[in-house]
Every structure is written in structure tokens, then in C-alpha cells.
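Two complexes follow with chain A in common, the first pairing it with chain B and the second with chain C.
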Partner chain A sequence: MSKVRTVGWFEQEAQILNATKAARKAGLKVVDVYTPYAVHGLDEAMGLKPSKLTWVCLLAALGGGGGMFSLMLYTSAIAWPLNVGGKPFVSAPAFIPVTFEAAVLSAALMSVFAFFVRSKLFPGKKVVPLERVTDDRFALELLAEPEQARHFLQAQGAVVVQEVP
Partner chain B sequence: MSEAQVSPLRTPLVTAERTLSQVTDDIVTPLIQRPTVRWWLAFLVSFAVLGIGFGMVAYQIATGIGTWGLNKTVGWAFDITNFVFWVGIGHAGTLISAILFLFRQKWRTSINRAAEAMTLFAVMCAAIFPLIHAGRPWLIYWMFPYPNSRGSLWVNFRSPLLWDVFAISTYFTVSAVFWYIGLMPDMATIRDRLAGLRKKIFGFLSFGWNGSSRIWSRYETLYLLLAGLATPLVLSVHTIVSMDFATSLVPGWHATIFPPYFVAGAVFSGFAMVLTLMIITRVVLKLEHFITIHHIENMNKIIIVTGGIVGLSYATEFFMAWYSGSPWERFAFINRAFGPYAWSYWIMFSCNVVSPMLFYFKKIRTSIVATFILSIVVNIGMWFERFVIIVTSLHRDFLPSSWAMYKPTVIEVGTFIGTFGLFFTLFLLFVRFLPVVSIGEVKAVNSFAKRKNAHHAEHEVKA
Partner chain C sequence: MTSAGKTAKTQMVALLMAGLGLGGLVVAMLKEPLWGYTNFLVCAFFFVTLAAGGLVLLALNTVAKAGWHIVLKRVFEGYAALLPMGALLILLTLVNLLSGSGSIYEWARPGVMDHDSPLYDHLLHEKVAYLNTPFYITRMLVALALWLLFSFRLRRLSLAQDKDNLLERTHQSVRWSTGFLVCFALTFSMASFDWIMGLEAHWFSTVFGMYNIAGLLSSSVAAIVLTCILLSKAGLLPEFRIPHVHDLAKLLFAFCTFWAYLWFCQFMLIWYGNLPEETIYFVRRWHGGWQPIFYLNFALNWVLPFFLLLPRPLKRNPNYVAMVALLVLLGRWVDIYLMVTPYNFSSPPIGWVEVSALLGFVGLFVFCLQRKFRKVPLISKNDPYLQESLNLH
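And now, the complex of A and B:
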């Protein structure tokens, strides 16, 4: 028998958590879990690794801040040094606020961009979401032999079980 | 979120026990129904006021800022007051959405969406003033460093006014992105609820969100990162705004206390504005069980704290004026409290220091009517604070021969009133077309209300 995708819909948060844990224990492949809100504890239940977005954020902050600081050095001390109130051309303390703002801006925008790319989300993307998963139901999608998956999902308390293409 | 251990003694965050789909209904229904007569009235009034503001701005751009009441001595007055006022209002939104998120204050969930929207609209109102003050708003891009045909002549990165350009534009961008990211799952919920054109629009805007937990997990990380970035950002914005004054040598401005003093004042006024808006919104949209007395009381407590910091700052300023031994400094503060603008000082003092003290009484901070009135009083006080700091410090400076008085013109007052038109027009459009309460986040805390009730039921059975 070939493996197919089977989805079971649950009505309670606790059920989806237990079902996900049990599925992995039983050696069934969890394709994904669809929930109307971020259910905590599901990361562990699915065995997801922590996101690497934090690294994108850090690098973008360093790049943005460093880039802006260099621009300020270049414009104030190299390209056209102007004597403003007798202050030194390389007036590093005065460059800190803008460096900080640039770091934050770059970090925020790059993290969001990386999130979209990694999650393959983009404006106008067409999706047909599973019934009611953005409203009030939790769906567990398994890749397994249909009979086994159906039995498993029903035993876990799924209200609806369906095979999906 | 809902997995966390919560003491059964805590007050539930949403008062009515609701199923998940009821939560969706409650929040989506106001978007589907035809707007009420009250909404139309409010919208038309706001739009008319916006029209007045638009006329005023058009006139002063065409004529020049000579239409203002400024003179050689008082070169900054109404516009900068309004700018600082509006930026300050915005700060509460970021505080609620980012700082309270980092502190795991779950009561924020019902109010954060509207508060963030308020931030965006307040920053838009604020941005109008420096734009007009530039005199030639069509050259506003000169404020950004770009290679140009004038040399290249670069901007002066040592100027706090330029720091302000970066701070405000970063603040607006990051707040807008943060707000949008928070909206995405909710827009998907609405997409799956509606049909027709709206389904298409929300489908486009929700970026193909399908509730996948793999994406949710990443989303939570992103949200945490943005909250972590927005927190120092919001503190930096008003710090930089205060440096517009603090880095000058004008007595009354040249003070190291300014950054924390301004940030506290910003949060103080911002929470007052959130309260004003939320009290109206919860009644008009029938969201009383999401935005509860508990929320209002918590915000009032923040007002007590920040109001206390503001009061302490006023006292510290006076102490330093005496303790520093600088005659200029001493004169500036005596002039503030007893000079020709003493009336504005005492309005500020009574609204900001005395009135929030009333919130120490539980009866008052849990009363909707009292909170509504006091929230407006606090905002009046905070507007006067900026007026006092700016105008009283400038109008009598070092040289008595150049002392002068400042009086705003009709144009300046009209522009300020017009920004309220802009603010409320945008807010009313927001409550009409987007979910005012974060659907996803409320669902996550909803189970907490249910568990509490279950706990009670258990006790009853045992008894």
C-alpha cells in the first residue's frame, strides 16, 4: 500500500497536542499541523528546530548599523569634511543615534523579508486552506498508509478524517 | 501561550466564555455589517475637520510659514509642540505591542491591535509638522543622505534634528511592519469567512497564510524579534526627540534628565489616548467582554506610574535649577511657574501631576466615566507640557531686550485641529475595515477563561 496524506480535524487544543506527540511516537510522518492560533508546545510536539531567523536579524543589524556608520564617516570626514561648530570630523558619539536607528531598521526589514522567503509567503499567493483551520479547528496532516492513519486519527478523537491529494 | 500554568486566582482576560468560532464572529461581524449611523456621524465630523486641516496646510504651504505667530525670539512653538505631542501619543501603542509582549503581559492581547494602529496614525499626524516647518515640503528629501549634484553636499550627521529624521522614519516603518505582521493571520481568518471582493482583497493581503504550524513557529520567532527591536526603538525615538532640545544651550532645555523624562511623558500621554479611544471603541463595536474593566484598570495603573515619573521630573528640574547655581537656569524656571505663561504651567501641573493621583482610588480607576474624563485631562496636560517647555524657555532668554511673547495664529490652531481630523478619520476607517482585536491572540488566551471556569466547576462538584 502506498502512503497518502490524511488529515484529521480536532476541536480541542489539548487533543491536537496529544495527537501530534502520539503520531510521532507511533512512527507516523507528521506533514504539518494547521491551527487557528499559535499553539504553544506544538513546536516540541512536532519536533521543530528553533528558527534561524535570529541569525538573520543579528547579521542584518550589524550590517545596517556598520554600513550607516561607515557612510557617516565617509561623508563627514572623507567626501566633504565640514567644520561644524569646531567638532572633530570623526565625531563618533554623535553618529551613534543614527547608527542605532539604521541597525534596527535593517534588522526588522531583513527579518521580515527572510520570514516571507523561508515560509514562501508573498502578496496574492493563492491557497486553498483546510476547512475551518483559520477559524476554530485544528488539523493534523499525516503521511501514512490510509487505513492506519484513519484509525489513529479517530482513536485520538478527530471529528472529521479525510484523505487529501 | 495557553499551555502556561496560570493561577486560578487571576482575573480572566476575556470575561465571557466563548467558543473559538464565536470569537471570530464577534470580531468579524462589525466588519460585515453596514456602518451604523453613529459611525457615519463620527466619520463625517472627522472628515470635515480633516478638510479644515487640509485647507490650512494648503494655505500655509502656498503662502509660507510667515502665517504663523513665530517671531525672532520664539522660533519654535506650536508646530514643534504638536509634533512632540503626537509622537508621544504613538509611544503607548508600541509599549503595549512590544514591551508588554516581552514581559508576557497577556492582557495586552485585546488592545494591542488598536493601540498599534493608533501609533501609526499618531506618527503620521506628527510627521506633518516638521514637513510644513521645513517651509518647502517638496524638498523634504534633502534631509536624507543621497549623492546629489550639489557637491555632493551631505547632511550634517551631528545634528539632533537629523537624528530625528532617522528616528521617526525608522519608527514609522518598523511599527507599520510589526502591525502588518500581526494582522496577517487575522486577515486569513477573514478571507476564509467572507466571499466576493473582500475575500479577494484579504486573500491578496494575507500572503497565502494557511495556518501551518511550521509557519506559526517561525512567525512566533519573528514576532519576538520585532518586539525586541521595537522596544529599544521606541525608547530611542523620544530620547532623540528630547535631544532636539537637550543638546542646545537654552536654559530650561539643556538638561540631562530630558530623555527619561520625555519617554515617561510620552507613555503617559499615549496611554491616556489609548484609553480615550478604547472606551469609545468597546462601546460602539460592542467589544465589552474583550476590552474589560481589567484592561482599563491596568492601563490606569501604568498612568499612575508614568504620571509619577513625570511629576518627579518636574520637581527634579526645579531642584536642579536651584542646585546648579546657574542664574539663567533659575530664572527660566521661576519664569515658567510665575511668569506671563504661568497659566499654562499650572494647567500642565494640575492635569499631569494632580489628576492621575485620583487613580489611586480603586473606585475611580475602575469607573469608565471617570477614566474617560481623566484620560482627556491627561492629554490636555501633556500638550501643555510641551508648550511650556518650548515656549517659556524661548520667550525670555539671555537678552532682556529681545524678550517677546508668542501667540498662535488661526492657521496654526486650525492645523492642529486638522490633525485630529486626520487621526480620527484614519482610526474610524481602521475599525471599519480591519479587525480591531487580534483574533488569533485572543483565541490563545480564550482557553484560559475556559479553564478557570472548569476549575470552578470542579470545586463545586467536590463541595
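And now, the complex of A and C:
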């Protein structure tokens, strides 16, 4: 029998944590978990790997900071040497604040954009969310044989179980 | 070996270190007052800021109504309970202040404030309304008395809750903590102006107090994470788990960066403005014999902890975090040493006096801290947030 995606809705935070753990133990594939707020311990229960977004953040910070520092170095010491208050042309302390700001700005913007790209979010995109998961219910989405998934979810205490396309 | 046996052994070693080190330091203070008292001030200030740091972190978390820290609350309190000893050490620096020409504070030396003396210093005399012994002692006593008042109060509330299980104790703690934080920000700024910046009284920096608060925060977090890791290794704090290490490591990372931010604030404005009466502070430290220490300070307090604590898995490794915490503590000593010493010494006089002062004060600190921990249960069992801390994820 082919595998389908089945969603079970739960009413308690503890239930969704236990169900997620049990699903992975039982060899069912957990597609995703939807909760109205961030549930602590869910990342471990789902077996999520550490996010790669932090690498984007680090590289963007180094790139933004390094790029800005080089730009200032080039403009005020090489292209058109500027004498400011008799200080050396290459005055690193004076460049630090802008370097810092550029690093923070590019790290923040690049992280957000990388997140949008990775989760395929863009303006105008229409997504129909699962019912009540932004309100008061916790949903577990499994990819498994429908009968097995239905039994498993009901045994874990799901109040509604539904197959989704 | 049982944990009681281990404790007794540590106590012995600490006492031995304290005896040897402080003995050496006393000899130094008698034979080489300037050198000896400089080191005494460095270590006494380090001691009192660590003790006050415990109270500051406790108050910060209490005011924020945080729950994560409750399993280490008694460690914060143990640090805060060292305040009487810290206050005593700071009071002992008065012996040097009042000793006249041997004083490490130039403004307190005889003749400096006297028009007819060859030592007369006009700029210092302009500040005589603030820099005079009676007012200085009054300020010191007021600051220390206030800190002690708040630390006794908060400790009593916490211990009382162990007995009577009243929620009202927590509410009272929040009110006292709020008062303490406001009072401490003002009195500690003043204290660092008086005790440390006063050594170089021609010079001034308005961010100096804030800079010292940043150092206090990073070194206190370092000391507390180190203490907690050692306690849990000895089996005395089984509730202390990896998520707590992780949270403390994040705080350490953040406060080290905060320190670097303020370090740069102070440096940048003085370097950019380039006014002689301000730059002299950095000329003394950035050039000549002090230069390696100047760079070492920045490396130990920010560059190393920042990059060492970036990866997440490493922040969850207790042994590794303990090593970084040790680096930061060493960095804090270097930082204070670099603030205190250069005015009276044109190059770092590092030698046996520094070694014995550090040895003695580390021994004294560990000895006193361990006594505080043995007095009370290490978990405040009736704290309403305890469950949250036990389940910390």
C-alpha cells in the first residue's frame, strides 16, 4: 500500500511531545509538527539536525564586516587618501563602528532572506494552514500507511485524524 | 573518597594557599608598600566585585522573574554571602590610603594638596572638594553598607522561604532586588571612580563605571559557571544539567561581548578626540612595557571567549566551558591589574608579589565560598520557580 500524509490533532503540549517521540520510535516518518507556540524540547523529539542558518549568519557577518572595512580602507587610504585630524590614513579604530554595523546588518538581513528562500516563502504566496494550529491545537503530520498512521495517532490521544493530499 | 572527605581536603589546600600567599603579600606590603598594596588593591577589588556580582546576577534574575536559574540560586547567594569579607578587604586598603607618602593614591600623599609644598599639584587641588580623605571614607562606608544591607535582606528572604514556604517571600525579593539594582548601579560606578580611577586622578572617563560593571558581569558569570561545574562534578549539585551550562555559557558569551563594546567605547572616544589629558591613560598602557598586557587584556576578555564560545555543541560541553571561564577570570585579573598598576609603575613589575597575591586571594576565596556552601542546602526547595529550573530545556 502506498504511503500518504496523515495529520493528527492533539489538545495538550505533553501529548504532542510524546506522540512525536513515539512516532519516530515506531518507525513512522514525521513530516512536520505544527504548534501555536514554540514548544520546548520539540526539536529533540523530532530529531531535527542543528540549523544550517547559523552558517549563513556567520558568513554574512564576516562578508559584510570585511567588505565594509575594505571599502573604507580603499576609499580613505588608497583611492583618495584623506587626512582626518592628522591621524594615519589607515586608522582601524575609526573604521570599527561602521564595520560592526555593516556586519550586524548583513548578518540579520541575509539570515532572514535565507530563511525565506529555504522555506519557499515569497510575497503573494497563498498557504492554507491546518485548522486551529495557530490557535489551540497541536498537529502531527506523518508519512506512513494510512491505517497504521490512523491507529497510531488515535492510540496517542489525537482528537481528530485526517488524511491530507 | 566521600564528598565530605573531598571537601575537607579542598578546604585544607585552600587554607594552605591562603596562608602562604597572604603571608608573602604581607611581607611585600611591609617591605615594598607601593608594589604590595597595588597587588592587594587589585585582588581585593577582584574579590569584592565577584561577591557583588553574585548578588547582581541574583537580583537581575529575580527582577526579571526568571526561573531557569533556581537550581543555581544558592550558588549566586553563596557568592553574595562573601560580601562581608570583600568589604573588610576593601576597608583594609584604607591602611595604605592613610599611610601618607607610601600611598598608592597620589592625591592622598602629603604635600600634593598643599600650596607651599614642592609636590603641590594644581589640577588635583582643583578636585579637593571630592578627593579628600574624610569624604572618600564616607563614600566607601556608604557603598559597602548598602551592599551588605541588600545582601543580608535577600539571603534572609531566601532562607526564610525554605522554612515557611510563603509565596510572599518571592514578591518581597523582587522588590528588594529592584532597589538593589538601582542602588548598585550608582554606588558601584562611584566605587570604581573612587577606588580605581582615583589612582590616576588627573584622568577621567565617564564610562569608567559602566566599563567596570561589564567586567563584573562577565567575570561573575565565568566564576559561577566554573563553581557550578565543579560542584556538580563533586556530586553536590546533581540538579545542574547541560541546559544550565548552555545558558550560562550564552550569558558568558554575551557579557564578554558587552565588555568589549564598552572597552571600545572608552578607547574609541579618547583616541578619536585625542586630547592630551585623556589620551595619557592609553599612552601609558598602549606604548612601552605595558603593550603586551594591553593586547593580552583584549584577547583574554573578548577575542578568545567570543570565538571559543561560538559553536553550539561546545557551549554544552562542561569541561570546555570551564576552561573558557578560567580564561575569562584570568582576563579579569589582567584587566584590573592594567587599570591599577601603570600609573605607579612604568612597566609591568610582574614577579613574586603578583604570584603570592593571586595565590593567597584564590585560596581565601575558595575557602570562604566553600564554608558558605556548607552552611545551607544547595537547593532552595520551596522556590515557586524551582520546577521550571529542574525541567529546563
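To be clear about the criterion, the second predicted complex is superposed on the first by the 165 of 165 C-alpha atoms of A that agree within 3 Å, B and C clash if a C-alpha of one lies under 4 Å from a C-alpha of the other, contacts with A are read in each partner's own complex, and residues count from 1 in each chain.
FYI, a contact is a pair of C-beta atoms (placed from the backbone, for glycine too) under 8 Å apart; a residue touches a chain by one contact, two chains touch by 3 or more.
Because the structure is a prediction, the values reported are computed rather than measured.
On the superposed chain A, the positions of chain B and chain C overlap enough to count as a clash.
In the superposed model, A:9 lies in contact with neither chain B nor chain C.
In the superposition on chain A, A:94 makes contact with both chain B and chain C. By the document's definition of touching, neither partner reaches A:152: not chain B, not chain C. Of the two partner chains placed around the shared chain by superposition, chain B and chain C are both touched by A:41. Counting the residues of chain A that each partner touches, chain B and chain C differ, and the larger count belongs to B. Touch criterion met: A:75 reaches chain B, while chain C stays clear of it. Contact with chain B, but none with chain C, is seen for A:53 once the two complexes are overlaid on the shared chain. Note on the superposed arrangement: chain B collides with the chain C stretch 200-208, while the other options among 200-208, 218-226 or 254-262 stay free of clashes. When the two complexes are superposed on chain A, the residues of chain A that touch both chain B and chain C are 40-41, 50, 54, 85, 87, 94, 97.
On chain A, the positions that touch chain C within their shared complex are 40-41, 50, 54, 58, 85, 87, 93-94, 96-97.
Contacts from chain A toward chain B in the complex involve residues 13, 17, 32-43, 46, 48, 50-51, 53-54, 57, 71-72, 75-76, 79-80, 82, 84-85, 87, 91, 94-95, 97-98, 100-102, 104-105, 107-109, 111-112, 115-116, 118-127, 129-130, 132-136, 139.
By the touch rule above, chain B contacts chain A in their complex via residues 1-4, 19-21, 24, 145, 151-158, 160, 162-163, 166-167, 170, 173-174, 177-178, 181, 184-185, 188-189, 191-193, 203-205, 207-222, 225-226, 229-230, 232-233, 236, 240, 243, 440-441, 443-444, 447.
Residue ranges on chain C touching chain A, taken from their complex, read 264, 267-268, 271-272, 274, 310, 312, 393.
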